[in-house]
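Note that the chains are named A, B and C in the order they appear, and that numbering of residues resets to 1 at the start of each chain.
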Amino acid sequence: MTHGLWNLRVKIDGEMILDVDPEMGYLHRGIEKISEDRHYNEVITLMDRCCYVAGFSWEHLYILSAEEALGIRPPERAEYLRVLCDEFQRIGSHLMWYAAFVQDIGLMSPFLYGMRDRDLVLDLFQSFTGARMTYEYMRVGGVRNDVPSGFTDQCRKVLNWLTDRFVEYDQLCLGSTIFRERCDGLGLLKAQDCVAHGVTGPMLRSAGVRRDLRKDRPYSAYDRVDFDVAVADGADVTARYLVRMEEMRQSIRILNQVVDWLDRHPGPVLADRLPRWLGAPYAPIGNEGYLLKRNYPKGVGFSAVEEPHGEAQAYTVNDGGEHPYRVKFRSPVFANISAARQYLIGYHVADIPPIMGSVDVCVGEVDR
Amino acid sequence: MEPDDIARQLAPKLGDGLLSVEPFPGTAGRVRFRPEKALDLFRSVRDDLHFGHLSMVGGIDWVDHREVFYVAWSDEAKQYVFLSTDVPANAAHIETASSIWPSANWHEREAWEMVDITFDHHPDLRHLLMPDGYTFHPLLRSFKLHEPEELEVKSRRV
Amino acid sequence: MTAPSAQVTAPRPAAEAYRLESELPMATQPGVPFIEIETLRAKEFLPAAREALSSLIAEQGQAKVIRPVFNWAGRNSLFPLHWGLACCAIEFAAAFGGRWDAERFGVVPRSSPRQCDLMIVNGTVTWKVAHKLITLYEQMPEPKWVIAMGNCATGGGPFRTAYSVVPGVDKLVPVDVYIAGCPPRPEAMLDGILKLEELIRERKE
C-alpha cells in the first residue's frame, strides 16, 4: 500500500512463476522535464516528491549536483545538518519499509510499532522544517534554517528509544517461525547477478558485497563520522532484513556523533556571498514580477548519494540559462526492479509479497 | 585512477575512436568517444579498466545533435567514470551496451522513449514509462510543456 | 431527631399509584415526536409494536426511518480501496497507524473494489493509470464516494504542467470531498472523511 503504482505481469504454471515483466510508468510525472522550467532552488520541491519516503536523500542528491555545477560550497555546519537529515531519513525510510514489509507477510502488530516509531522521527523533522514529508529544506549553498534550541536533546531521546525498540523488532520477526519459514532462502540474488544488473544498496550488501557510497566515495560530512557498513551473507529476504536493521543501528551511531558535533559547533548554515540570482531570482517591480537575467554560469555537476534504497545519482547540465538545461537522475529501485527476472522466477506466487517487500520498492523514484 | 591512465589504456584499443579523456571532478575522468566504436569502448572499459558496474545511461538533446552518456563504477578503484558521445540528430542511433552490461537494458529503453536515441540490437526496445503507443519523445527540446494558466501576477523575462 | 421544619418537596406517591410511565414528570422539548410507551404484557407487545411501527412508516415513510438508518450504517463503515498512488499514500498509511487510528471511524481498507464504497485517490493521477482508475471506480458497487486527497488529485498539484499527469481526478470520476495539502496531514485526511460522513448524513435518496 505504500509502494506506489506498478504492474508486475507474471506468467505462471499453477503456482510456479515462469516469467515476470514489471511494467512501470503509472506514476511518471515528468520531473526531469518540469525541472527544465524551474530555477535552481525551485527544483527542490520536486525532489521531495520524487522519492517520498526518502525525501531528504533526494534533496541532498540534487543539491550536491547543483552545487558542483554552480561552483558553490556549503558551510560545515550545513554539511553536518545534511548528514543528520540523511541519517534520520534512513531510519524513517527503513521503518516505513519494515512496517509495510511485515504487513505484507502477515504480521500485523509490527506495522503499528513501525508507524509509531516513524512518527517520532517525523515529529523531529517537523520541528525544524515544518513538514512531515515534503520538507524543501536544503538550498544551494547550505540549508534553509538552523535547528531550534533543545533539538539535540529531543534527538537523543528518540535515538535512545529507538535503540531498545530494535531489540523488540528482532524478537517479533526473527523469533517468529512463520517469518523464518516464509523468508529464509527466498528471492536469492547472488553477488555477480547484482553487479551485472546494477543492483545496489541493501540488496547488494545482503549478497556479501561490502559497497557503501558513504564509505567508498564520501560526500558531505561522512568522512568525519565513524560507522560500519552493514553486510550479510545469504542474499535472501532474511539477509536483506538483517542488513536494513543493522543499517538503522549504524545510523543511530552516526547520529549520536553528529548531534554531539552540532552542540559544540554553532555557525552559519547558508554560505555567505551567494550570488544574487540564487537567493532572489524574482524582483517585483510594480504589479508584475520579473525574472532577472544575470550571468548564470555554465557547468556540469555529477553527484551520487547512498540513499536508503541504494545508490542514487544525479547529473545536472547548466548552459548559461536561468534554469538547468537537463537534470538526469538515476534511481536505485529502477535497477533493483529491472533485475526482477533473476530473483522471482522459480518461486511461487505467494512468495511475491515477501520478495518484492524486501526489494523495498518506491515507485515515485522509479518513474520520476 | 587518473584521466591519463585511462587514455593510456584505451588508446591502443580504440585508436581514433577515442576523442579525449578530460578530468571531471568527482570521477576518474570523462571519456569522449565516437559512436561507431561504442562496443569496443564498452568492452575495454569493463575488462581492461575493470569498471564492472554500469549505473546510468542517459540522453541529452542539444538540438542539432544528441549526447548519450554512461556512468560506470569500479569496485577496485572505487570511482566512477563518465563516458559520453555525440550522435547526429537525424541519425540518432548507437550500439546497445546491454550485451556488455545487462543493467543498461532499462536505462536504454528510457533514453529511447525520452530523447529518441535508437539503440541497435537492443533485446527489448519498447516503452517503459509512457503508455504503449505514445508517439512523442518528451525530453526533446522541441516538445514544449503547457504553460500554467495565467495568474494575477504575470512574470516576464527582462 | 427532630422532624424537618418544612416540607419542601411534594410527598412521593406510593408505588401502586403509578400506572403509566407517561405520567412521570419528564422534560420534553417541543417538536420532538414522543412515542407513548405503555407497560404491556409480553404477548400483547408484539402486535402493538408492529402496529405502531407500520403506522409510523406509513406516515413518515422512508425519510424518517429507513434512510437515516442506512445513512448511519453507511457513514460509520466506509470501506476505502486499499491502494496508494504517491506521497499522500504514505500519510494515508500513517493515518492507520497507532497515533491517528482511522479504523475507529469504521474505516477499514479493502483490497477488492467490489467490497468498497469509498475510493480515496491519494496521489498523482497519470494518463497511463486513468483507464484503470475508471475501471476500479466502475467496479465499486453503489453507493460509492470518492475523496480526492492531496493537491495532485485535486488539480494536478506541483505536476500540473507535466505531459503525463491528469490535472485533477475530477476529470475522470465525480469527486465528493477534496482534501488540500501536499501531503495533507493524517488529521486532515480524517477531517475529510468526517466531512464525507456529514455529507452522507444529509443524503436524501
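Rule of thumb we're sticking to: a contact is a pair of C-beta atoms (placed from the backbone, for glycine too) under 8 Å apart; a residue touches a chain by one contact, two chains touch by 3 or more.
It should be emphasised that the depicted structure is a prediction, and the values quoted were computed from it without experimental measurement.
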Innermost chain, taking as reference the mean of every protein Cα atom displayed: A
Higher-contact pair (C-beta pairs counted), B-C versus A-B: A-B
Geometric centre distance via CA averages, chain C-chain A, whole Å: 39
Cα-centroid distance, chain B relative to chain C, in whole angstrom: 55
Intercentroid distance (Cα basis), chain B paired with chain A, Å: 24
Multi-partner residues of chain A (each touching 2 or more other chains): 25, 28, 30, 33-34, 37
Junction residues of chain C, two or more chains touched: 128, 161-164
Multi-partner residues of chain B (each touching 2 or more other chains): 129-131, 138, 143, 145
Complex contacts: residues of chain B adjacent to chain C: 129-131, 136, 138, 143, 145-148
List of chain A residues in touch with chain C within their complex: 1-5, 25-31, 33-34, 37, 45-46, 48-49, 52-53, 96, 99-100, 111-113, 115-116, 118-119, 122, 132-134, 363-364
Parts of chain A lying in touch with chain B, wherever the complex brings them together: 24-25, 28, 30, 32-34, 37, 68, 195-198, 200, 209, 211, 216-217, 282, 287-293, 300, 302-304, 311, 313, 315, 317, 325-326, 328, 330, 334-335, 338-339, 367-368
Sites on chain C touched by chain B in the complex: 127-128, 160-164
Chain B residues within the chain A interface of the complex: 24-27, 52-56, 58, 60-61, 69, 71, 75, 78-80, 82, 101-103, 105-107, 114, 127-131, 138-139, 143, 145, 153-158
